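Take a look at these structures.
Each of the next two complexes has subunit A plus one more chain, namely subunit B in the first and subunit C in the second.
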Partner chain A sequence: MEHHLVLRVVARIIIPLIMLFALYVQFHGDYGPGGGFQAGVIFASSFILYGIIFGIAKLRQVIHPSFVRSSAAFGVLIYVGVGIVTILNGGEFLNYNVLSQSAEAGQHIGIMIIEFGVGLTVASTMIILFFAFAKP
Partner chain B sequence: MTVVYINIIILCLLVITAIAINQQDNLFATTMLTGIFSLLSASLFVCLDAVDVAFTEAAVGAGIALILFLGSLAFIKYKEKIENKVSVFGLITVILTGILLIYGIHDIPGFGVADNPVQTHLADKYIVGSSKEIGIPNLVTAVLASYRGYDTLGEVVVIFTAGIGVLMLLGRSRENYKGLIERED
Partner chain C sequence: MTAIEILSGILVILGSLSIIVGLLGVYRMPDFFTRLHAASVIDTLGTILILFGLILYAGLNIVSIKLLLILIFILITTPTAAHALAKSALHGKLKPMTDDD
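Let's turn to the complex of A and B:
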């Protein structure tokens, strides 16, 4: 795709906007439509766009496959970790009420963290899939 | 009433797209039609006021899945192998299943009626309780992340497992393959 000047310029403009939108969807999921799953996919699509336009080798330099692999596992670990913390705080597994002084604040914190875990795993897995399927 | 007309139009377009997917033997066109199918379903979900589902359908079905399909298309031929074989058993199965489904329509409760079993069991508990118990405006996120936290954990693990599966099938082998070629040289 190296000779497609328009695509390269447009991609360079649009990739940060896609990332910003993904972060908005991620952290605004409590108030509007969205959440970790959608945000993860959108965030991954910015990397995939980069990989398509600038080549897989460049994408490997930006984000290394081994890093993506560990971050996919780390997302699940964050989710389970919240559950473990709630057990240690004296509640049931994934009962966010015990995360803070008031139950409502605990719910907010819990949902925010597990949605981040979901987003991390989904985004990483999508990039893993792209690395696996893309022609080098 | 307009929503009903829009629903009918979108459903007709979905059927047309499905038939087009079936008839098409160019795999590139099929992939694109699948994307159109996903976008149409997403707009149908918007009409049904399921914005979160529509969002997911648009992002996953019309976005990522399409790109992954195109990525795998790069490995294979664009033309589908045509086999003009009509399987009688398959035809009978499809017709029987269709008749059964249409027969089953008579028994399902009316569309969007308030006293449907779906609406009376837990829904009002979530709708009334979530603003007090969870305190976030988006009901879908409250159900997904808090009431059904176990389910969502399962979904995340499923996605993670799918990624691992693809890695084990495709990810390593190509590197090993490259290594083999280099060793042979």
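Let's turn to the complex of A and C:
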């Protein structure tokens, strides 16, 4: 991969744009098409592109596999944590209405946090899959 | 219909025509590299014309800015993809067709 100059230069331009677009899809998911799953896959694809262009060893330096594994678990923890908080606030499991003073604001906050957890888990799982199948 | 709407319609039709030309090229061209060249016409000329037509139709608002960003993204990525395809084909010992064949 040392001599692929065009690919390396374009990847350096494209990777931040892909991450920005993933964040847009993530946090615009309330109002438009998008959400945690799609944003997670897009975000992971930027890391996978980096790994394909610059090599797996460099990707391991950028984002360590143990960190990815723990962040995948952390996303599930966020999801379940919101459910536990709603139970503690006096509602059912994942009943967002009790998260805030008004039911509408509670819905917004709940969906935002849930989707963040979903996105984190999906992105981490995609990167774990890439690490598992890629040649070292 | 205003002049801008007519102009945007003409641009979209021209873009669709260039996509048809590119598809014909992919179908009729003899070897890999010439087919790749025809497919690049779809990626660049067709999308430029169609997206410019849509930008003109949308006017100056958030939709046209998003379309412009899509256009810039496509103009960066698709030539790179064609380059990577051609380079990997050459790397895989695929010879371009010449007049001698």
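As a working rule, the second predicted complex is superposed on the first by the 136 of 136 C-alpha atoms of A that agree within 3 Å, B and C clash if a C-alpha of one lies under 4 Å from a C-alpha of the other, contacts with A are read in each partner's own complex, and residues count from 1 in each chain.
Methods note: a residue touches a chain if its C-beta (ideal position, glycine included) is under 8 Å from a C-beta of that chain, and two chains touch if they have at least 3 such contacts.
From a predicted model like this one, the values you see are computed outputs, not experimental measurements.
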Room on subunit A for both subunit B and subunit C (clash or fit): fit
Could you tell me if A:Ile14 is touching subunit B, subunit C, both of them or neither one (first, second, both, neither)? second
Let me test your reading of the model: by the given contact rule, A:Leu99 touches which partner, first (subunit B), second (subunit C), both or neither? neither
Anyone got the angle at subunit A's C-alpha centre between subunit B and subunit C, nearest 10 degrees? 60
Based on the superposed arrangement, let me know which partner A:Thr121 touches: subunit B (first), subunit C (second), both, or neither? first
Counting touched residues of subunit A, say whether subunit B or subunit C comes out ahead. B
Considering only the touch criterion stated at the top, classify A:Ile53 as touching first (subunit B), second (subunit C), both, or neither. neither
Distance of closest approach, subunit C and subunit B, by C-alpha atoms in Å: 12
On subunit A, what residues does subunit B touch that subunit C touches as well? none
List the residues on subunit B that touch subunit A in their complex, please. 51-52, 54-56, 59-60, 63-64, 67-68, 71-72, 74-75, 133-138, 140-142, 144-146, 149-150, 152-153, 155-157, 159-160, 162-163, 166-167, 169-171, 174
Subunit C contacts subunit A in the complex at 73, 76-77, 80, 83-84, 87
Complex contacts: residues of subunit A adjacent to subunit B: 25, 29-35, 37-38, 41-42, 44-45, 48, 52, 65, 69, 72-73, 75-76, 79-80, 83, 93-94, 96, 103-104, 107-108, 110-111, 114-115, 117-118, 121-122, 124-126, 128-136
Residue set of subunit A touching subunit C in the complex reads 4, 6-7, 10, 13-14, 17
